[in-house]
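In the two complexes that follow, subunit A is the common piece, with subunit B as its partner first and subunit C second.
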Partner chain A sequence: MNDSRFTSRSELIGILVLAVFLVVILPLCLDVFRLNLVAKYLTYAFVALGLVICWGYGGILSLGQGVFFGLGGYCMAMFLKLEASSVENTKIQSTPGIPDFMDWNQITALPFFWKPFHSLTFTIAAVILVPGIFALVIGAAMFKRRVGGTYFAIITQAVAAILTILIVGQQGYTGGINGMTDLRTLKGWDIRPDHAKIVLYFFEVGLLFACIFVAQFVRHSKLGRILVAMRDQEDRVRFSGYSVANFKIFAFCIAAIFAAIGGAMFALNVGFMSPSFVGIVPSIEMVIYTAVGGRLSILGAVYGTILVNFAKTSLSESFPELWLFGLGGLFIAVVLAFPNGLAGIWGDYVQPRISRFIGVRKPKAGWTDNSVADGAPAE
Partner chain B sequence: MSDETNKGLQSAFRRKLLMGMAAIPAITMLPRSSYAQAPATSAVNTTGLAVTDTEVTVGILHSATGTMAISETGSIEAEKLAIEQINAAGGVLGRKIKFIQEDGASDWPTFAEKAKKLLVNDKVAAIMGCWTSASRKAVLPVMEQYNGMLYYPTFYEGLEQSKNVIYTGQEATQQILAGLNWIAKEKGAKSFFFIGSDYIWPRTSNKIARKHVENVLKGKVVGEEYYPLGNTQFNSVINKIKLTKPDVIFTDVVGGSNVAFYKQLKAAGIDLSKQALLTISVTEDEIDGIGGENIAGAYACMKYFQSLDNPNNKAFVPAFKKMWGEKTVIGDVTQAAYLGPWLWKLTVEKAGSFDIDKIAAASPGVEFKGAPEGYVRIHENHHLWSKTRVGRAKLDGQFELIYETADLVEPDPFPKGYQ
Partner chain C sequence: MFGDYSIGDLGSIFVMQGFAGLILFSVYVLMALGLAIIFGQMGVINMAHGEFMILGAYVTWMTSNLFQTYLPGLFSGYFFLAMILAFFASGALGMLVEWVLIRHLYKRPLDTLLATWGLSLMLQQAYRSIFGAREVGVELPQWMLGSLRVTDSIEVPINGVFVMGLTVLITIGVAYVMFMSRWGRQVRAVVQNRIMAGAVGINTAKVDRYTFALGCGIAGVAGSAFTMIGSTGPTSGQLYIVDTFLVVVFGGAASLLGTIASAFSISQTQSTLEFFMSGSMAKVLTLLAVVGILMLRPQGLFALKVRK
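And now, the complex of A and B:
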């Protein structure tokens, strides 16, 4: 792999292929309904990207990414919900002008922490900062005390459980288990019709590539190599004079912010946010997307997410009563047979053949950073 | 069976007509389409729904997997039974009903996604579906945006009314008030203890119950406690019950929590044959899990019990068991789900069209005399007029009917004075 360059040539080709796939092929092949589903899948790809940095490279397994996805999503949903709850739209309530679930819960005035969400600028800042700061606090509390590995994973799970209980319990302020539904407009622009879905899709793809470039940058910078070194031999890095905790906190925060952007896009694309994306099960699902795609591969994570979700949708449409078994089988097969996921299959089997076919002798590169891929601990 | 549930409707006549007409082409060798007595598709379907000359497609959207599957399976079964019976009786406007089943997977956004798929891709003429309030809230904007028709079976909290939904279960005031009146009069109850699961339906129901107890019955609520969905530790609230000694324990604990709650009540020595307990969330389905011996003696306030003694129900229960097995039990929601396809059929025939707007407009006043619960009628607000009943749980898991309102109770989703 060519050392410090931002991207190697084969990676650039990989990114271009993904771009063509998402920007040209999918919009041409799919109707708006299916394209909107892809947009929904891609919101999880943001989380998977973050996990590649945090788990694949940094070796920090977080089983609580749903927390950050949810925080980002709820920030955006609060803004959209306020706009949908204009006095005009909520005439039938006892207190018009507040979200419907507050009215059902006998809340008569907008709570103070909702008020800033009238502003879109504040909301966008909150989407990034709230989860970022939250991750910073958790990360600092854990990594400074050298809590890591399994313990850290368990603690992130606990955080996911706590946040779910909090959201469900405080239903007057959060919409409870129903979540925030019926989101309609963004600054007066209706997000529900077909043409809006298409615009949102392309916007989201743009954001995704921005995140991919950030991830590429992190990976190829010195920082990325320190992360890998830290994953493989934490003590050596520490003895070399690096502050391991700070690097870990950074990786965790990046992953959190990516997840939050995904959550915010989810609220926009689906018109909906609920605690069912915050808890333990969705958080683990998000780790599975990354595992299927290949936890060491930035692009693999995107493909893995699309593939798993596509399988989920099509299996559940064809076999409403049996699809979960099929999906479970898929996960087990991929993880057992191909520990490096789709990217591993590509790097080990497909790409060498293509190279041989073209007659170019290239080191194995592409999606997978093979120099560190084999035998890396799955912490 | 179908003949019995259809008594008084024109279907019997329609069938004879259909049989008579079916004989004609055999003799005259007319082309197949010319004998269909059904009105032309272009006339009954002006909005591009999935209606052909011989078939009409509807959607079934419930959780077949996940935590809600145990509750929603009964609804799926009831809807399939109703569709089969309607087809056997000649279909709707001469067209057989074909259904597409989708799995909401106990996940609210999935419900919204699948509802959209059914409306946009499959162009279904109606959707029978949803169970929890959360899934309905997720689906509702989709139904309104793409102008679909949802038949929603569960008793729920009210505070909602939509052109695009027919609510075949009871809303909260319909279910609760008659039961509270009965227990106040019959047991002389003055003090009530409320226990519920922590989400919108129990909270709203208890709010209505509290207003009724305090303002109308002049009683007192001595405690009101909520537990998260899936909670299994009720010991502390049971201790409070023992301390406050309420005349009535009023519960809307849902799902699996019920099993723990009633077992712990029994273990704590609270004898339901002496301590009055009124639940609005336990049907025959839940007793299957709780065990009859743990809940015998409790009162439940519903609109339907499997044990109801009327000709419609006596035909419905065996037909259901024949299709889905001897051991199945039929709860309130299952019966309400059964009403969905029938009410839709009757409304389509009244409107003479599958168009959603015409069905929405024709719905008020549609009557179904073959309902297992007895006669029901659709109100202007798209809820059902129906009777409220109190049953007492028996050891065998069935309810014994104790009381029913003399008249149909009017649905009132936005009750004045209870909000």
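And now, the complex of A and C:
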């Protein structure tokens, strides 16, 4: 396989299949309600995609991706909330023109950090920059001091806990445990009716593919290979003269920005944002999407996310008791039996058979140049 | 923020909040001791640690119910039996988990984290199915109710004093086992150099299993003590797990003394701040301080000097 090319032919086919699946098959087969559910799942796929780069390739397990998902989502939700709380809409409040939850919490003026969110341009910049800079600060503080592995995971988890407690505690500024609800329009365009949902779905799929291409580019560039080298033998990369910390910071920031885009799309598609997507539990669930899809597979992350969420929705609808057993079992099974996830199963069992069936001779069995089970990341 | 209180009031506030902090400290220490053994010594991240603790709490609750129904005469002493049962129940579950799950993952620490998280979800659902979603509380024996009056304005609850005494005893016990006994020496040998420990004839697989079981057993005792001061629900364990990991990491993972020192400082900061601001802000400030200090000093408070 020639890795220096942007994408190999089989990967291009994979991307095309995914595109057909998301753009043609799903919209034709599902009604608007279900399609909106898929749109919600796909917002997590952004996070999973970031984790492929950060965790699969960089070997940095972040248990705080919910933080970035939440920051992106809250930035978007703040803009939408401000637009929804125009003076005409909020006439009955004691202070018209501010979001309803502020009014309930006896706040009489818009706090200063809310004011710039009147502008859509600022909001879009903030969706990218706020989580990006936050990730940069955390990453720089941790990786420059060579904190990594399990310690990093625990500290990102603590950050997720802190942010959740903060959002829940500062009800007047953030909407508290209920989050920001009742988001209505984007620049006067109503985001709630069915046709808007469909437009938003296609827009989201477009963004997702943009992110997939960025991830592909990172993976196939020299940078991606340094990330893999660093994951497997950090010291040797350092001795070769590379700044390991900077590469780690980069991977972490990319993952954070992807997650933030997902969060912003979540606010648009689902119409609210709440701390229940920020904390420890959602953050760790996002990791399992990646693990199920295959932590080394960019497309696998998307399929894994859709599959796990679909299972979650249908199982928790019909057998709420079983869902946690199922999810817990999934964590254990993926780690013990299928460390390469769906992509590993596909590459090891399905693809060779298909090739044999069509009569194409594969040069070699195995699906990528590296797998997780034997080449475990060194501490 | 001190302006409204006189000096004497402030003194009492600090003592009372300090005491509330000491109870929190006991819970942290009990939970962190087990974790310090599992994470600090073995390097395994056990996200299901809280659920092992809750198992101990449920065992205690069942024992108290049994005593109430069949042996009401001995009720005042049920707690001691419950604690022993909790230790063995959690320890046995720990041994099983090590055998089924953990022993395959020693080389992949990040994956133990995911697998044990899955385990914790399953245990939570199991507790919910068996014991119900509502929180349960044990009935305390008569002698544990009430409080001791130290001065006119300072009162301390007896169950709190009891839990603290228990914490001290267990800590001494763990320190003795780890640093004085032959078995503790084997554990430390395996941790420091697995291959050489195996070469001199230590059964490392067995040591691993019993170490993990000991950590889980201590979590069970922690859960048992936890019932003295709060009620137990299927998800109570998850509330403490991140705090406990921070306690262990902040103290310097391999150091028992560090764990105790960090549990003390974190719990005291939190409970003192709690008096002056809302509970959530106190927690945020405490956790932020801990994360901030960890960024400046990643090795924790008491780091062993080892060459890597």
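By our rule, the second predicted complex is superposed on the first by the 350 of 379 C-alpha atoms of A that agree within 3 Å, B and C clash if a C-alpha of one lies under 4 Å from a C-alpha of the other, contacts with A are read in each partner's own complex, and residues count from 1 in each chain.
Here, a contact is a pair of C-beta atoms (placed from the backbone, for glycine too) under 8 Å apart; a residue touches a chain by one contact, two chains touch by 3 or more.
Quick caveat, the model's predicted, so the values are computed rather than measured.
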Subunit B versus subunit C as contact partner of A:K40, first or second or both or neither: first
Which superposed partner A:G176 touches (first subunit B, second subunit C, both, neither): first
Greater residue coverage of subunit A in the superposed arrangement, subunit B or subunit C: C
A:F101 touches, of subunit B and subunit C: first, second, both or neither? first
Which superposed partner A:I92 touches (first subunit B, second subunit C, both, neither): first
First, second, both or neither for A:V130, with subunit B first and subunit C second: neither
Touching partner for A:F272 - first (subunit B), second (subunit C), both, neither: first
Touching partner for A:A19 - first (subunit B), second (subunit C), both, neither: neither
Partner chain(s) touched by A:S316 [first = subunit B, second = subunit C, both, neither]: first
Partner chain(s) touched by A:L186 [first = subunit B, second = subunit C, both, neither]: neither
Subunit C-contacting residues of subunit A that also contact subunit B: 165, 168-169, 321, 324
Residues of subunit C touching subunit A in the complex: 39, 43, 45, 101, 104-105, 107-115, 117-126, 129, 238, 242, 245-246, 249, 278, 280-281, 283-284, 287-288, 290-291, 294-295, 298
Contact footprint of subunit A on subunit B as seen in their complex: 64-65, 101-103, 105, 107-110, 112-113, 116-117, 120-121, 133-134, 137-138, 140-141, 145, 157, 159, 198-200, 203-204, 207, 228-229, 414, 419
Residues of subunit A touching subunit B in the complex: 31, 33, 37, 40, 92, 94, 101, 104-106, 165, 168-169, 171, 176-179, 181-182, 184, 192, 270-272, 274, 276-277, 313, 316-317, 320-321, 323-324
In the complex, subunit A residues that touch subunit C: 61, 63, 141-142, 145-147, 149-151, 153-155, 157-159, 161-162, 165-166, 168-169, 280-281, 284, 287-288, 291, 321, 324-325, 327-332, 334-336, 339, 376-377, 379
